[in-house]
Structure formats: structure tokens, C-alpha cells
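Written out below as C-alpha cells is the structure these notes cover.
For reference, chains read A, B and C in written order, and residue numbers begin at 1 within each chain.
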Amino acid sequence: MFPKNAWYVACTPDEIADKPLGRTICGEKIVFYRPAPDQVAALDDFCPHRGAPLSLGTVCEGHLQCGYHGLRVECTGKSVSMPGQRVQGFPKARSFPVVERYGFIWVWPGDAAQADPATIHHLPWANNPEWAYGGGLYHIACDYRLMIDNLMDLTHETYVHSTSIGQKEIDEVPCKTRVEGDEVITSRFMEGIEAPPFWKMALRMNGLPDDQPVDRWQICHFTPPSHVLIEVGVALAGNGGYDAPADKKASSIVVDFITPETETSIHYFWGMARNFKPQDPSLTTQIREGQGNIFAEDQDMLEQQQQNLLRYPDRKLLMLNIDAGGVQSRKILDRIIAAEQAAAAPPAVAA
Amino acid sequence: MFPKNAWYVACTPDEIADKPLGRTICGEKIVFYRPAPDQVAALDDFCPHRGAPLSLGTVCEGHLQCGYHGLRVECTGKSVSMPGQRVQGFPKARSFPVVERYGFIWVWPGDAAQADPATIHHLPWANNPEWAYGGGLYHIACDYRLMIDNLMDLTHETYVHSTSIGQKEIDEVPCKTRVEGDEVITSRFMEGIEAPPFWKMALRMNGLPDDQPVDRWQICHFTPPSHVLIEVGVALAGNGGYDAPADKKASSIVVDFITPETETSIHYFWGMARNFKPQDPSLTTQIREGQGNIFAEDQDMLEQQQQNLLRYPDRKLLMLNIDAGGVQSRKILDRIIAAEQAAAAPPAVAA
Amino acid sequence: MFPKNAWYVACTPDEIADKPLGRTICGEKIVFYRPAPDQVAALDDFCPHRGAPLSLGTVCEGHLQCGYHGLRVECTGKSVSMPGQRVQGFPKARSFPVVERYGFIWVWPGDAAQADPATIHHLPWANNPEWAYGGGLYHIACDYRLMIDNLMDLTHETYVHSTSIGQKEIDEVPCKTRVEGDEVITSRFMEGIEAPPFWKMALRMNGLPDDQPVDRWQICHFTPPSHVLIEVGVALAGNGGYDAPADKKASSIVVDFITPETETSIHYFWGMARNFKPQDPSLTTQIREGQGNIFAEDQDMLEQQQQNLLRYPDRKLLMLNIDAGGVQSRKILDRIIAAEQAAAAPPAVAA
């Protein structure tokens, strides 16, 4: 169960640079392509002629040409030509609202009439020269909500990522969860600790000493349908922590766009936006590789957890304080999904 | 859905040269083997003793010996011996009518009483020293009818095989489809065009110039259950095309025997019979390799098309003039299948 | 269908030497680990917190620590600690009776109240310096009863293992099957034959000539739930065969513990216990490798037989005299399984 009337990250621009991309989003099999260098289109990946996948086709003169028999469709899904055929009466391929923004291609897999690009999650750091972004994509065989749980409860870093970003203090310091409208915020503040290796590096990059106690923070923000953006950082101890002046701290944003493929699989777009040394592409590469290795450690755990839950569908899971972020996020999702279903259901007949 | 009372190509002789072959044909799991060098037999691939696959056995003294405990069956499926056992009362393994002819092993997966070897599709070029044949076998995960569609509509060559045998003229010249009894014929004649590379080679092999305009033809013949034989060729322009005298043209026959394995998978026997340079085995090898590469290009398209159709079983496909060959072939198949089912159904009780 | 209230071999000690092991036994997904060097524990492989697999965790201070968020459970399945949490009210993970004995880890996947370690199958040769043991583990996709059939009817050696331990005499000499309580014994005695290569080697190792006729025996013992121990050996002919004095014979025990994973897959622990040259580890290695190669020959046959039986569930199999060992073993299993089910069923209501 996932909201359909929402903007999801479908892919990154490099994935559609040379040819169409077939990808299933929230159960919809979609082809993404560029009708023109600055445009993007998303259609049902099913040729109206004989059901061939349009994603095996090519873009010709701004239209998507089926790779089987040459039917061309425009970005609305309307057939525009086919050799030797009149195409006026051909059924339209379904088109999906799709927008390129912030370095991602966003798609709306639900009711197109409700799609408003203004509601795409705002990323203030994107397209900002003071920030740099690097990230990647993993395919993971789990319910998207298990990944939300994972990211809203960072105590798992101590165990799953014990050799990299984990540290005992994460586990020892309680987190707090609050809900603000449709947003869930889980935050943890650790004071006077030793910075772990990543943050020592970041301190040095900011011209700060790396051998002094720091205050560290992790502020996880869930917003529907499945975005988790995590403010992370350290400040030299005693300068106000999260609120310390810029010249006393180093920080970044862990970016997680979790796009359901099916009920039990996701396209997981992960990355990091940083506002230190933004003009250093080798640092971007270095961070991306490190983050990629760390985030890969979650895959086996999530997939086996998913298999366990499928095996025992009736078992109740615990909801501890550390789980509050995931629990509250699911409540919001349940409400949104129920509203979608109610709107889609036929009206009850009056007596 | 496929006809069961029909002759299908099961394998080629080299596949049973050394040992039995297990292969599923129209849903029947069958073991093929040679009781003697010039004989072929086909039995249910299930040992009457304990259900072991007979295809893991060996041929001993003309009988198929189960590789598990040594039960021997003869080609009728009757048990003939087993160490220390009396086998008279053993159940018979089902035997299937099977014939070696034209360089193929043909099997009848349906009612044996109706199997008449005289109805095996006649291949006039086989066993003819003026012709040479080369071919191969692909396993493809699609309904056999999708492959019939593919072969009865060669406009796909322009797209799927754009870098090899496709040419724009195929797409531009309309085809015609006619039905003659249980045969469907779709033909296309292109006049005054440049020969594509394969046909330039064939012209040279026939001692003809390769730099002159040609008339090219493609005449696809479907016959039940799932044979598609395609007459293809070129003649120097202005000599009557298909009807040109032999010294003005080069031609061959594309051979396609499509044997259903299951409802959604096939054994696809493809090849080419040619009547130029028949004594040149290196040319046979060269053509087979080229054809193998080209026909491999269809696999991904057909398998993804099949997945699309399984995903959306209720979507209606278009039936354009280019699809007429496949559409008419399916009508014949539908009729044959319905007749088989009616014959198999219990008679209605009179009032 | 398999007995649940029984001791099965779960793994060997080396499999849990460094970290927990997740393994499904009789449909139960279980984690095995060592709380202390000389202890073994078996728990449901499902963390009470969020369903993560405990087998991805680590052993810390004698407790199994979940690798996701650090919940620690003790060997009873009771939660003992979790950072920042009170765990008293946490649900218990199910624990399974588990015993290390004879070089194996034995588990009882059924009702723990009925588990009595005294009923673990006694292996008189284990922990006996006059004997040596070597073995391995195969995963095979078949019903455990097909493997029992296989081992209780060694005529298959003549066919499946024709190039190694098979010999025609096995097939020619009738076997006898008798039932003693819950034990089934199938025996075959071959007199005055040539020893096959393995036994020639064994004779030499015992200081006996290898070029003289021998009496050979195979005595297969099935005991529930699925143990098959086979006494095998040869004696110089005319010395009483199986009952010959120790200085006239060579013998060993083929060990087969067949642990159901699912209804159609097994963990197959195979090995050989020998009482000649027990102090020669290179001989143990040599025998294990030879036996491993031979036993691997059964896998394809068993898996394809299983597929055949699933395909044709209604076909009756033959029950010949050679099958009596398997048939009688199944009768005992049927009785045990029926008794388990009767005990588990709610009592009938009196009228």
C-alpha cells in the first residue's frame, strides 16, 4: 500500500540521456524519455499496437518510436504516425505527469488531474552553488516502509554500520519524535563526543580542528509519500551545537527518496548534499563511494526482514520510542492512503 | 492454447546422437531416443517404477534403461525387463508418435490414433542436393503465437533488425494477406530497390552483379500448427521479379518451426534453405551465424511483449493490415483448437 | 509431511564456530549459535523487536544481539537488554531444544515439552578413538522420503554410481527387508565376488589381500525420523561374511542424516564412519572426497524425480521387493505423523 497521488523520484537525468528507460513505479510500468533535450515524458510502457514495451524503442523527431513496428507516440500518449497506417483511431497510451527538477525526474503515478508540480518537495540546496550533491540508486526487495523505518531510527547505525558511521553514543542518547502536520521529525543530539571519521574529515575541510570534542546532531525529516531528509552535522563543543555559527561547524543533508516499485521492492535513491567544499568534485566522488558502501550494508538486513514479515504476517512488531519516527510516518501514510481509497470508491447510496 | 493433434518439430538428430533427450513439447514432458541408429522413439519422461526421468537413462540393447534402478522399456512404452523383477504387470509408459524426416525429429503430442506421418509438412528442398540447409534452436519465453505474429509481419525487420536485414522499403511497401484453406500467405514485393548486404552476397554467389537495382520479395507461408516458411529473394530489376528466370535471381527459404513448450515458452527452430552454392559448407556456416545473430535480436522484444500481455490480459491489441498474417493464422488455430476440444468433450445427453 | 517431535541433525559444529547460522528445519526458520564455547542455542530467527533475522546478529557476552538495533536475547529466547529500553515486557522468541552430541548439533523442531535428549539416536562409533568419521552436507530439492527410498534401495548404485561403487552383483542378489519396531532393515549379502575398488583399498589398509574373492554386505537401517545408517563391508570369502573375525574383514558405516528443510527440500548430511586406520586424517579426506563425488551423482536424479512427482501427483508408483525398505519406512513415518496430528487436534466433543 502506497499513495499513488504523489510525486516520486523516478530516475536521474543520466538514466534517460541516451535512450528511453523502462521502470516500474508504484506498480505502473512506465517508459521515461526525452522528447527534446530539455523535456521529459512518461508513458505507459505498452505500445497501443501490439503491447510491445515502448522502452525498447527510440526517440525520433521528438516522438517515441516503438522498436517493434515503428508506431510513434507523442508525449501525451497519442499516436502520431506509423508507416502505411492511419493512426487517428488508435487508443492513447496513458501518460503520467512528470517533471525534471532539482536534478531528479519526478513522476506522479496516480490521478493526473490532481498532479500539481508546485507540491514537489522543495530542495533548497539543489541548484545552489554553495552546495554539492552526489548520490546513487539501489534496488532493494523490501516494502518501502521498512526503509522509512530504517532511516527514521538511526540507532541501527551502531549495529549495521558499526565499522563506519556507527558509534555507541547514537545508541545511548535518546531521540525525540514530533509530528508537524504531515511531517515527522526525529532528532538526536549528542554532546561532547569524539567525532567519527567522516566528521573529522568534514571538520578539516571546513578549516576546523578534528581533535576536539564535538556536539553531533541527526534530525530526520519524513514527508509523504516517502522522502527522508536527514540533517547531520557536528559543531565544536560548547558553541551551541546545531545552532552554532557557521565557522564552528560542519554539516550536510542525507537525502533519501524511496520509490516503491511493487509492494515489496523499492528504487532507493540515496545521496548527500553538503555545503562545504562544494566545488570539489573529487570530494563528491569520495563521499558518494563511502556512502554507497555504507548504505549497501542495509540491503541484506532489509530484504531478510521483509522475508520474515511475509512468512509471519500476523506477528505484531514492537513500537519502542526509537521506532516512533517510523510509526508516526506510517500513521500519516495510512491516513493518506485511506483518503485516496475513499475518494476512489463509489459514493454510498442514500437510503 | 495450442493444437495437440499435430506434428511439431521436437529436436534435431544431433540432439539425440549420444544419449536420450528430455524435452517438454506442448506441455508433455517427453524423452526422445534412438532404439537403433535409424530409429527414433518418444516416451513419457517418467519411469513407471518410481517416477524417475527416463531421459537420465541410457539406451541398452535397443531399450531405454532407467538410470535409477534399471527398468528397461521398449519404444512402445512397455516394460521389457528389470533385474530380479517380473515386469509383465507394470504400467506402460505413454509413447508418442515420432518420425524422423527432412533432417528433423517430428512428434505428435496429442491423440496417437490420429497421427498420420503423411501429414507432416512437406519440405521439397530437404534431402535435395541442389539445396543446402543450416539452422539453430532458441528457447524463448513467449506464447508461440507471438512468434507467428512476428514472422508473418516482416515490417519489424525495419526496426528490430535495422542494422542487418531491415530496410526502409519493407515498411513503405504494403503487404497483402490471403488465406487458402488452412494456409495463410502474406506477401510483399519491392521493386527497383538496392539490395541489402545479404542479397548482394547472394547475387555474387549466383554470378550476378550486385550493384544494380533489384526486385525483392518476401512471401510468408503459415501452416498449422505453427510453421512459417518464408520465400525470400531478389531478381535483377525488370526480369519479372519472383517469376524471373533462374539465371536472373537469387533466392532462399527462411524456415521457422515454432514448437510450444508451455503456454508461454517455445522451442524455436530457425534456419535457411538456399539453392545457391549448396555444396559450400563454409557458406552454410556463415549464413547460419549471421541469421542466428539477427534472430537473437527478437528475443528480448518477444519476451517483454509477453510479460506486458500477461500483466494486462484484458487489453485489446490492434489488428492493422500488417497484422493480417498473424490475425488470420490465429483464426485458423482457434478453429483447430475448438474442433479438438469439441471432439474431446463428452457428448451432450439427448433429452 | 514430516515428524516435528523428533531430533534432527541441524548443522555441524564448524558451521556455528564464528557466527550464528540461520537455517530452516522442518519449515521452522531457526538461528543456531553458541552462547559459550561449549553451549549451543536455537531460537526462532525473528527478532521480537521488528522481525529482523537474528542470524545476522552477533554473540555478545553470551547473548545473541540483533544486528539491526541491538536487542539482546538469551538462549531461552527472553530479551535481556536493549540500549535505552526496558525489555521485561518484550515477547519471547521461541527457543528450540538443541543438543550437541556425536559431532553434530541436534534440534527438536516440535513441541519442546516432549524433547528428551536421551532419545537422540545413539552413535556407538562417535567419540570412539578406534573409529574415524568424515562427511559433508548437500542441499537437495526433494522430499526427504525420496532420499530415504534412495538409501534403502542400493540397487540404484549399479546405475547411478556405475562408474564408482556400483557393481552388477548388487542388482542380481535379492535383498531382504524386515521391520523391528520402528526400525526397518534391508540387507543384501553377495558371496564370492570381486571386491570393487573402494573395498580393495580398505582390505589393503587392514593388511589383507585385495585379489581374492570376498563376501560383501550392505545392511541398511532406517530409524525415524529420517536416519539411514548402512553397515557395509567385505570379508575374505569363506570366513563367515558379516560374522567373520575382525582380522578377515574390512567394514564401515555409511551415515545419512536427512533433515527436511521444506516439504520438497532437504539438508543432507552424509558421511562415513570407519574402524580401519582411524588415525589417518589424509585417508579421511580421501574417503570424504570420493564419497562426496559419488553422492553428488544422486542429486540430479532426485530433483528431477521430485519435479516429475509434483507434475503428476496422482500417478501411483510401483512397490517392488527392492522398494520394501522405503515402503516400510514410509509406513512408520505415516504412523508417527498421524499420531502427532491426533495429539495436536482438539478432543472430539462427547455426545
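Here are a few things to note about the model shown:
Note that in this section a contact is a pair of C-beta atoms (placed from the backbone, for glycine too) under 8 Å apart; a residue touches a chain by one contact, two chains touch by 3 or more.
Since this is a predicted model, take the numbers as computed values, not measurements.
For the pair chain A and chain C, the fraction of shared interface numbers is less than half, so the two copies use mostly different residues to meet. Taking CA atoms, the transformation carrying chain B onto chain C includes a rotation by 120°, reported to the nearest 5. Averaged C-alpha coordinates give centres for chain A and chain C that are 48 Å from one another. For chain A, no residue reaches two or more other chains under the stated contact definition.
Chain B contributes residues 29, 45-46, 48-53, 56-57, 65-70, 82-85, 90-91 to its touches with chain C in the complex. Residues 149, 153, 155-156, 158-160, 171-172, 174, 300-301, 304-305, 307-309, 311-312, 315-318, 320-323 of chain A touch chain C in their complex.
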